[in-house]
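Each chain carries a letter (A, B, C, D, E and F) given by its place in the written order, and its residues are counted from 1.
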């Protein structure tokens, strides 16, 4: 690993990221062709937040939060800190003191593929966190890593400056250069979803709304009454 | 797997299911001889609900929610949709659009041995969900499965029309034909529990209330003072 | 395993335990040299509690809660019940009836390396629980174990009478004889943290506050502009 | 759970089961429509066996092997013992003494959704085992369960007398009444596979052999040269 | 954690440890009342070894093998190195160079609650390893820990000098002072097991050999023919 | 996800890859600064192989092996097929028929972040496999994915044409352009390791060979005799 701190990466446009985040992770994920989701292993510590921001990435040694301290200096208003480790770790690498420093700099939240602590305090101060674990286990500051290099969580690449979207469904990344197109796609999808929602509220079935009945036949799905089905026993 | 949709299975009696659900999963589970619990892997996304209903079952391919769309049409007021997959999956197979359709039909909630998404929206619309995961990862509609066939989660068989009970302790299934007897047993147990609760509130010990002291002797459990115990080292 | 119930172990001083608990698990864990944490696998069922107390320990057979019933009698005001099993288990060994008995005796909460049930009721009655699982699956009362023997969870030894601290960050143990020193250390650390917090709120960086910049150089961490870094590809 | 021992269930035909087992688990699983596989969590302790037999089923309490002792008496030559527990357990419920008893009765192997021990001895005596764990942790004989009732592992129902097939790919169950049809299907599939194997050995591509190229077009899969693809960045 | 290296702990008697190890982990575990087993998570990398020795214990920071290097110097012929970490880690903390150093000093093997690497080379040089993982991921040498302090794996305490037994069933610890009694108990058990084995080889059932039939009646286990059982449906 | 097949990516030099592979995964991983390891979750199905080759990458839908069939055509002698899925899956996506086709084309093995089947047959035909699971569960061919796009496993990016090294320690990736430098580094490290091995065989300690004793002092590691240490209790 190159022990490097990359400074001033270009960020996705803040206004576009905000507009994108408002659509929610699940809708945007669908809009961009189902890519970029950081998996069900990264969960909000408290339910009820929805944020968007631009990634400042950190690659740390397990059990060591040196590089998070280094990364604070690289953060700007509108950023979200995204931390992962070189091998799996649940240690509590981040707590309310680091959050205090980040909040001063306008950072909107933390996404960490490891553990956090002080979660009651973080919640009280309004700093939302998505993590792989909660753990009081502290860390050392001994081994170098990298800041603002490309990292990967759950098979998804994250580059510094990419848009990060996070809500109760988890976290996703939209590459910086794809944000404008993702926003258009999300707006179009949201409109379609609104129409579907209205249809479903009025009692229309998805089978009809999406025109799926012919496909069911092709796939050989049979309808059988319960009486006929149980006659052959199971 | 037979790609079949079984229509109109008989349901457990709605009133009895409601009465049973009111006792809570843990009490009913004890009453029926500790069977039918879908395991600690199926958890409520939000704490605070307690529902009962009749099962409409879905067996889906992993990463594919075609059969959930098919199942909506088979649902009636008082049902709970119960979904599992042919192999383990955390994908978000269900969201608020499907819930909108189900709510229209009077379905009370979802139990899914896979992932859900739009969990903030589901909570806002009052549609409770018990799942194995939360995931924004969407699914395709390509491969057939089955609706209203017997399925199994955590070693427990679930037939269409069985009673499903769900609360903060998780989810259980009571076979349709066993519901009346389960209700009687739950009522009897609840009465006994109330008596025990009163005794415990008044300071009686379980050892005395349940008459366990003789059994402890038989089992060879010794009482030793701390001083005597530490003398021999530990 | 010796099937023994050890009576009247000495407890850590209640006032000191309370003072220690007020500092929170993460701060105390740091103060005592990062030891005693029961790991990220033991989580509060509901967020929002912070308690301290003295350990009454239970070692049970998996799927069997006989020894918890035995342990109730050994509890005193200010205790916390700490339960583990001889092999991994998620079964719901503890519910609101046991909690009713413990609450009568002034027990402050439960820490269990297994499952609990009746979690809605436990929350309603104000009895906080930290557990490895929630499960409605009930247990038998057939096989003996031990009460107030040393146990170990996540590699940390717990002796009866030790201080147990629990909050949203999880659970830790401070050996009885170390409590006074831990309290002094926690108070000192809390003061230092308050100073750091003030500095961070005023915009000082951790790199400067902790004097880490020289160490970064020693470790060979390089700063590179994004433009220079991407020129060589990634 | 009914604490019952069901005697003399009808078994699948031994000769047909043997013929079916010879095709291997993966081939038979495909032949019967991809159903009945007990999942990747049940693995052979030692690689290199392939057996078939008829199920004698056991449902045990976790940490308790009483019912395995009871089940031995119900076994006949050509059987395979299939054990699961009422909640997840890794304890070593089975070892070489039980295997000695089973071998005397002509039982061909063990499938257990829990732990085994004495695995070196079991291998030396030629008694193959598929299990969820290896563990020296012993069990008690205190709590009743059931023998020859339907059980379920990884979502698949197993009835006493069903055909059990096990090899290095894991374990599957074919319902007793489906064995003749499964055998015909497996034989047909094996013949097709042999033809495919010959074609592939001669260099034919699956895309051509299975006629998949048109479908790729329909699905919108594009072919792009590396040069064109990297021009737009990734 | 105290960063200490404890020198020259007393060891269990080598001859007794060897005699104990010959009985195998499962038999000894039963003999000593089912205690001391390090759980199913610690597995041999290659099947086929059975060793005993005296523990030199190491407590390391995750991702850091400094203390293993320190521990080598503390090892003597007949020792087994026992390593755990302050929080869960799969990193490959140990490889063939360390094993070369240990083999020179007469160390018999490694037990590690983390990862190892060079496993092909370790096997070739005849140095057996039991571990929680295999991983090529290397570690740093930056953070202190402890050697020859009590550690705990899977809830079992291990003191330096205790007897460690390891075979294909996993690893167990017998406290130094209990080794003579454990040896007597294991010899007695082995004799009983030999008698049972002979009886089972001759066709006697465990139900009869252990005199369990009366207990089955007490427990309410019923015997029902398949025909009677299926009449009521399942 | 773009459903694209990228053709003819440049490959790392075959001779250099072979030379690199001969050093083994653990040694190369150290040489290149501890990066590129695909984690302890990808394991050889059978121990005993060591191969190197160039990556042909596949990104598949879970439960769907369509894109593996597509990828076969893109393979050349010296390649290793590297497969991952858009969300976690254990299904058996690959078996001996696909291996037959790959072997014809000179492919050296498979690395798959999902399941394989026919593992006995794969071993018999000398086609080595590293996988996340073994599973007989078959897959459909319904949903498109991508071939020869960058993928990521365990946080490590893999581009088509990169060097893949695999042995009993797992799998790693060396970026194509880094292979020459990695080879030089591995050769240098192997020479150093040989010197260390010789020193250790002659009884030198790592503490002396690596000159670590001064560092231990700096870190505050104390040496205490067992007698002194136990006097204060533990």
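We take it that a contact is a pair of C-beta atoms (placed from the backbone, for glycine too) under 8 Å apart; a residue touches a chain by one contact, two chains touch by 3 or more.
Since the structure is predicted, the reported quantities are computational estimates derived from the model, not experimental observations.
Asks: Enter the minimum step count from chain B to chain E; a value of 1 means the two chains touch.
Replies: 2
Asks: What chains do chain D and chain E have as common neighbours?
Replies: A chain counts here if it touches both chain D and chain E, which gives C, F.
Asks: Greatest Cα-centroid separation from chain C: which chain?
Replies: The most distant chain relative to chain C turns out to be D.
Asks: Which of these, A-E, E-F or A-F, makes the same contacts as D-E in over half of the contact pairs?
Replies: Match found for D-E within A-E, E-F or A-F: E-F.
Asks: Quick check: more C-beta contact pairs in A-C or C-D?
Replies: Comparing A-C with C-D, the pair joined by more C-beta contacts is A-C.
Asks: Provide the C-alpha centroid distance between chain B and chain D, rounded to the nearest whole angstrom.
Replies: Those two chain centres are 27 Å apart.
Asks: Quick check: how many Å separate the C-alpha centres of chain C and chain F?
Replies: 38
Asks: For chain B and chain F, let me know how many angstrom lie between their CA-based centres, rounded off.
Replies: So the centroids are 41 Å from each other.
Asks: Could you pull out the residues of chain F that touch at least 2 other chains?
Replies: Residues 2, 34, 39, 86-88, 90, 135, 137, 143, 150 of chain F each touch two or more of the other chains.
Asks: Just spell out which pairs of chains touch, all of them.
Replies: Applying the touch rule to all chain pairs gives A-B, A-C, A-E, A-F, B-C, B-D, B-F, C-D, C-E, D-E, D-F, E-F.
Asks: Contact residues on chain B for chain C in the complex?
Replies: Answer in residue numbers: 24-26, 29-30, 34, 37, 39-40, 43, 47-48, 50, 167-170, 172, 193, 196-197, 200-203, 205-207, 210, 212, 215-216, 219-226, 229, 234.
Asks: Please name which positions on chain B make contact with chain A in the complex.
Replies: Per the touch definition, chain B meets chain A at residues 2-10, 46, 66, 69-70, 72-73, 90, 92, 95-98, 100-101, 104-105, 115, 117-121, 123, 133-138, 141, 143-144, 148-150, 160.
Asks: Considering only the defined contacts, which chain F positions touch chain A in the complex?
Replies: 1-2, 33-35, 39, 84, 86-88, 113, 150-153, 155-157
Asks: In the complex formed with chain A, which residues of chain E make contact?
Replies: Touch list, chain E to chain A: 61-64, 86-91, 135, 137, 140, 142-143.
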